[in-house]
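Since the structure comes first, as structure tokens, the remarks are kept for the end.
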Amino acid sequence: MSQDLEQTLEALLFLSSEPVHAAVFAEATGAELHEVVTGLERLREHYEFERRGLVLRELAGGYALSTHPDTEPAARRLLARPRTPPLTPAQAETLAIVAYLQPVSRPEIARIRGVNAESAASTLLEREMIEEAGRSQFGAVLYRTTDLFLKLFGLGSLQELPDIATFDPAPEVEAELRERLLRAGEARASAIPGP
Amino acid sequence: MRTPDANAGMRLVDLELDLDVFAGPFDLLLTLILREEIDLLEVDLAEIVIAYIDHLERRGELELEAATEFLVLIAALLELKSRLLLPGVEPEMIELDPGEAAEELLVRLLDAHRYRATAAYLQGRLASQSGHRFRSAPPPAALRRAVLPDATAVYDPAMLAAAIGGLLRIPEPVDVRHITVPKVTVAERLAHLRALLRRGGFSFDEAVARADRVTVAVTLFALLELHKRGEATWTQDEPFGDILIERPATVQAGRLTVAR
Amino acid sequence: MSQDLEQTLEALLFLSSEPVHAAVFAEATGAELHEVVTGLERLREHYEFERRGLVLRELAGGYALSTHPDTEPAARRLLARPRTPPLTPAQAETLAIVAYLQPVSRPEIARIRGVNAESAASTLLEREMIEEAGRSQFGAVLYRTTDLFLKLFGLGSLQELPDIATFDPAPEVEAELRERLLRAGEARASAIPGP
């Protein structure tokens, strides 16, 4: 029975292009949830210990199969394209703000970035990394990240994102910014002018 | 990680300005503004932007980090200035002392830095995932075919009739007769207001009695023009109340003293 | 090396939606053709002897992975559940037009709605509420509703579709439903200011 369950789970994972919840597998297989979770765990170990070309991963709240990164060069030659084009700095910044502040409006993104976020947000929408999430009280469209975002970034949930404090500017950077804001004038006045 | 000299972000100090109210490096101007030694209202921010663009052109390269920082700073200045230009809207913001203004700019800069670092993390994370590919083939059609016996009634047929009813409705023809080409000009309204002023004070409601919305808007524009030229002054006792317009009580060397 | 090749072949098979020739795998992996053939054979045996959920099959066009027949009942339960999220207004309109006018062509649906019906029709096709029903004399694909449609709406037959008189804004007009829908659609299209 348990070999059968593992076999069935492997087939179901193969057929699903999106991450699937363990509960959905339980419903489809008629097995108990805990049996499914155990079966998935044994499948994960099988791929890992037998050095298979596939990896079982927990993404966006569900389970999905992907290829092993070691096989990437051959996959690239076979499919003749990189899997996910990289993000431009503007797109990455916009995505970072949405990921951490969601739901967040476009004007708010622009305020934080100091520049317009129009084109970056459109591209992220088109690539389905972010989506609309209603409107703010002032009528501005709000954005949040999608499950595809979690999938592409290898995240099980948003909780797996590092604490935003991790990215706080180092104390010396903050001190330097403060310095520049308030004392640059004096510093220049006493220093030798010129670039 | 960053030292006060020799890095890309610091190149902003190379930006030398020659403005009407100030000549010198950009960051000195910033400091003077924040200390209220120079009135932000007197600074032409567009000139600074043009100077910066010239500066970039001379350098022949766009340093992204420095450019972003410049944009953050100039945006913060613009916002401060626009608040100053709208007295009464947010009185507490005008009270912003130099320390607070600097603190606000600092918070902006720190946020910008923080999310730039987060962005770098996400880019790295995406790159590290690029070896994981997912199967995108649709499952075989035979397995997908919905099983009729499993299907239950979940939709209300009335929805279909309602949709058809909506589609049968012939829309009212759009009436465009009320749209007329506005013919009123600022010059005309200026003449109108000046005529009223010659008779003494008047109220804005009186000046635009029975006028259409476009005329009201153009009249307000003309009134702003009169105010700018020092030909008129106004009082408004409460928000959305009527505006009383008068000639300035005294005009001294082109400077205006508001009559109360 | 050969474990690596087997691993890579497994990943490439997983990514391919169509059967792939051994020669194509040889090119992508940089291995010799005979090594690839041996690798594929060992992969086939692995799936068979270890009773995995996947099967490697050699078809006319090459090699392809598929799921084991034993897993089919579970796969059906997973994939064949009718998806019945609430219909969007566009989907409801499109479905209503097909239901009352069938068979009806896509351009005709677009004319009646005054806007493109592309995406709504695709969704309805995918959810098997409508299906193709031949072609019009001008070569346009015609649509009709399916048995699943009747089931999902709790209808015994198309005769049980609600009488539109209750929702008809102008019941006094005696004309063919199709003509009137087209006339209203044209009126709507001309009421919208053109670009």
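For reference, chains read A, B and C in written order, and residue numbers begin at 1 within each chain.
Here is the rule we use: contacts are C-beta pairs under 8 Å (C-beta built on N, C-alpha and C of every residue); 3 or more make two chains touch, one makes a residue touch a chain.
Owing to the predicted nature of the structure, the values given are computational and were not obtained by experimental measurement.
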Busiest interface, counted in C-beta pairs: A-B
Chain whose Cα centroid lies at the greatest distance from that of chain B: C
By mean Cα position, the chain sitting nearest the middle: A
Chain centre separation in whole Å, for chain C relative to chain A (CA means): 29
Centre-of-Cα separation between chain C and chain B, whole angstrom: 46
Separation of mean Cα positions, chain B and chain A [Å, integer]: 32
Chain A, residues touching no fewer than two other chains: 14-16, 65, 67-68, 70-71, 75, 79
Residues within chain B bordering two or more other chains: 133, 135-139, 143
Partner chain A, residues of chain C touching it in the complex: 3-4, 6-12, 14-16, 20, 24-25, 27-30, 51-54, 65, 67-68, 70-71, 74-75, 77-79
Footprint of chain B on chain C - complex, ascending: 11, 14-17, 66, 72, 75-76, 79-82, 84, 87, 89, 92-93, 95-97, 99-100, 112-113, 127-128, 147-148, 151-155, 160-164, 166-170, 177, 180-181, 183-185, 187-188, 191
Chain B residues within the chain C interface of the complex: 133, 135-140, 143-148, 150-171, 173-174
Of chain B, residues touching chain A in the complex: 1-2, 4, 13-14, 25, 27-28, 30-32, 34, 64, 68, 71-73, 75-76, 102, 105-106, 108-123, 125-139, 143
